[in-house]
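Okay, so chain A shows up in both of these, paired with chain B first and chain C after.
Presenting the complex of A and B:
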């Protein structure tokens, strides 16, 4: 056995690591609602990606699954570096450095975030009680990330912010997957990540198109989405 | 390897070959190749059907292609029983004749790649339905049939906008039918725990469950069969489809609805409650009457034939419901004879309706006309078509020496002898049914006198009709073969009825409902119903009639030769000398008395516009008169419902304002609501 029993998920160090990474995930998502500048938003996203990678490493040690380290590397490369960088560059290129019109006031946004996190923790109760353990106990964080990502999608207008919301949502799904089933098979994980990357790339192109057509990347300009 | 195996295998191979031929062959040969191969599908189906009807069994189990991937699905089975064999035989023969006709007929959009690809798939789907041995295969074949026929109905959409509306009506109704069937079968399979018909048939089902299943399945099947009030697609889709396709749709596809009803009430749910028969009768009998009434006033030939299909299916299902009713009054042999009558009606209608639709196609090809009011005098230019149409019209009017006569005779026998005076309701109903059947027979006679007389006799009413010429060899061959079928069924009913009786042994009677043979061949291919003491031998009667009449005619002719010819000429013309085609009866004027008599039911709309001179309103410059006989049920039921749905749809569009944020908010609200509900 490559991994000693000392690294059991019950150990205090493990618990600390879990609390740190999931807490960081949640905190970065909540702060997204508060930050206005797009560059701040992308840096938060990078931190969140790093936190997710940390979570994967924690899970890898706890479950004794060496292939998860590869996944962690992948997550780190993609979600902590490549995607935030792409988004940052898009934000610079399209000129919108500030999320101008908040549909929800930042303070109200924080209240909403609290409410949604509560809902997520309540909704995940059956999930937690089904297989109690230190890993599943923090799984509701993933659900909360999904809801918060959705909220970002809803309240932001800039194309880049939309992408940020989408990536948060995807991070939430990944978090739930890692915490409840020790991650999906590597091939699926790679597929999903490449999917996300493609979405980001396509939306980048779309954003620059919007910029050239409307002169801005405000999604409220798109009102022809009906027959 | 039995003959059934051979037929089943061959139909798949022919279908594959026909599709390949349709896609790959050059335009010049496409109709010939694909049509011939499609005829092969029909022949294989007929062979398999004849084998299955004769009692040969075959079970094909196709491993489910998605079985391991999507869970424990039952394998697909093809296992035609005798009843299925009967329908397979009928469908196969109709398909063969229509394909041969199609070789000469298909042109334009119907002869395109799409047209000839959809046609063999349509035939294949239709032949899979009666051969299916489980629910999934049945529904699969059903859907293939529905989709392929929708494509065929739509084939000419580029040139005529009416085709598009017909296609939409057809697609909506056919999917309504499929949804009802899927629900009905779901009820049955959930109780039986198996999708195989054999398992479902042996399973005792509770009364309320079987009632629900019966209602769902019957509604689904009669939608396909075209009973009132779900007949609205028939008078639209049949006329707009290419004629060889309308022949198959009308003569074979609607019979799948009949097969489904028979499958339900004789095999899957044989322990029918009494109200089932009454419910089916309440749909079937008005359909027979309404169908023929609309047919009698229609002037579009194909629309007329479509409504006549509603009438015939109404009669067939009336026979089935009489069988269900009399089964409860203890007269099992009458019940069995009513089922034989239903199957004879199926065979007979398939034969004559194929010929009628194909002949309508031949007229359309020769003159470019579908409107009876613009035909006339076609018998001179198209003698073969006229003869075939005449024979088939005799069959449709249920006159002797044709199939229709025998079938209606058996139906009336069962109705007259079904009265046992133990059940008051049945006793009261049966004479009423006799009256309605008699009325439909009378109206059918009038309808087909009109159709034949106006189209083929008198003088041409349009230039197209005047220039009519006989159609190609393949088309004539198909017409003659079909007409021969109509005559054969009428002259040798014994053979058909023993076939029909054999078909029924896989259903009710295998449960011991009937001991005696209720119908048997007699004499020169005649039919005898021993338990009722009734006997009909058309061939002998025909020979006897000829023996009696030929000498008389010969003698009178010989005597008449001695009398000098008398020339009759008009002395005073009084305007009658200048005979113009416009002075003749038209289809509309011929039916005018009927429109008046049945005005309350048909609700014709009349419009009279009088144009007056400017100088004085007492001087009339011109007048136009328009009369339209619409479909009451369509106008009063379907259109208001469609309008209401449209209005709701328009209202709902305010929700859709084009903002992506609003759409996201919808899904977000749905997600959160779902989570809250799940937690609670």
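Presenting the complex of A and C:
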């Protein structure tokens, strides 16, 4: 199947919207591996949150589920504004504005990202073929986001970068949930988001603690237990 | 693959196709020194300098054409390679669908042929640099080949992403499909692939974030290092061929981004419109590149692979996304 068939005209607009939002999700996750500055990293995270909100709106229109609009608003407020802003302020407060990790070179990181995306698409094949449809077709993007989030978590030193990786991971899980099952019930969704917010706030406090103890937020300094 | 059903493969259409190809080469050859003049002039004016005017590169070229080249003893390729480079640049311009999307079997505008011709020109200039036997020549050639090795896969993958919705790897078919369906230009696949393509065109033609065309700083120069030993007529050919290559590639990107004005069938009026359209598009693209270059500094040589890896990943994501939209 070298040249796939053209899209049906009636679903073309929705397919374009899906491709735009999921493409943006994937692109912002991949570019995270390229950017060294933490403020650039947090603004990419804000764009990713906005793309996730756009994806939820597209799913809401496609599935005809009005309560998803409320979820979209929640996603927009939390993931495109509050969490990136908190992270940005943490980055400013703790002084580290550059990710200086040399564990993985940005070039190698980008190529890893391409590889992980391919793996995600291959691994999600059974999922896509189980219920073929325009929504499940883009679900592998969520899986790719999860893998890229793990990559960021593994390769970055700074506390803020770790948080960014964690939020990417959560965005990936949310993407898979919205695309495969039209989202979880609203109350569960609110619970999960509040949970993520709490994690970010707690880790932010932890980062300030680290800053006051070690003078930096490099996680490699955490080699022994202290009380 | 015939791009337009109106054209039957008979003698008249072959003659028309040949006329279009020859016209395309002539127009681009005439425009490319002026393009460089416009780009330099835009840069000078934005930097607050007066500049020598847009005709200076043309005057330089005419001056060089009258001068006898000085060749060091033992150097064999210096007379051959500049001509070979000009030949590949002319071939590249002939293959690209810059003015018309009507193809003739003599001139296959397939993506893979185009990338092959690009690489041929790269090898020619690298051999020229190596043949001079100086330290700078070899250094420039090695850098140029490194960049070329990173650029070619991205070109292939980016144009492949553009060709998936069309179902053909012929560039004229891609441009045809974009004229027929202008919405496809702003689709995510197309935008990603275009951004990737712009980065690799900048790298391939030695423009600013990758190579600074206006310095001879030994630590950073790539293109200038290879042509240091060329002089007189030979230098003229080398410069002309790289300008022509820049004009052709800018024209390709401009036609992929704004496909209007390209002749889809053969007529005198259509070709006249196409000539005006391609000249305007190439000039605008060149002025745009020059204006952006004012705000850029050259990146360190070891960071160039990072930039090119980013463009490769963008092209790769474009391919994945083009399988999503089906």
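Everything that follows uses one rule, which is that the second predicted complex is superposed on the first by the 214 of 227 C-alpha atoms of A that agree within 3 Å, B and C clash if a C-alpha of one lies under 4 Å from a C-alpha of the other, contacts with A are read in each partner's own complex, and residues count from 1 in each chain.
Here is the rule we go by: a contact is a pair of C-beta atoms (placed from the backbone, for glycine too) under 8 Å apart; a residue touches a chain by one contact, two chains touch by 3 or more.
Worth saying up front: this structure is predicted, and the values here are computed from it rather than measured.
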Superposed partners chain B and chain C on chain A - clash or fit: fit
First (chain B), second (chain C), both or neither touched by A:119: first
Partner chain in contact with A:22 - chain B first, chain C second, else both or neither: second
Superposed arrangement, angle subtended at the Cα centre of chain A by chain B and chain C, nearest 10 degrees: 140
Which superposed partner A:30 touches (first chain B, second chain C, both, neither): second
Contacts of A:107 with chain B and chain C, given as first, second, both or neither: second
In the superposition, chain B vs chain C on chain A residues touched: C
First, second, both or neither for A:200, with chain B first and chain C second: neither
Chain B versus chain C as contact partner of A:148, first or second or both or neither: neither
First (chain B), second (chain C), both or neither touched by A:57: neither
Chain B and chain C, minimum CA distance [Å, superposed model]: 19
Chain B and chain C contact sites that coincide on chain A, given as residue numbers: none
Touching residues on chain B, where the partner in the complex is chain A: 653, 656-661, 663-665, 667-668, 671-672, 675-676, 678-679
Chain B partner contacts - residues on chain A that touch it in the complex: 103, 116, 119-120, 122-123, 125-126, 143, 147, 150-151, 153-154, 157, 219-220, 222-226
In the complex with chain C, residue positions of chain A that touch it: 3-7, 15-16, 18-20, 22-24, 26-27, 30-31, 34, 105-107, 110-111, 113-114, 117-118, 121, 137-138, 141
Residues of chain C that touch chain A when the two form their complex: 164-165, 167-168, 187-189, 192, 305-306, 309-310, 312-314, 316-317, 320-321, 323-326
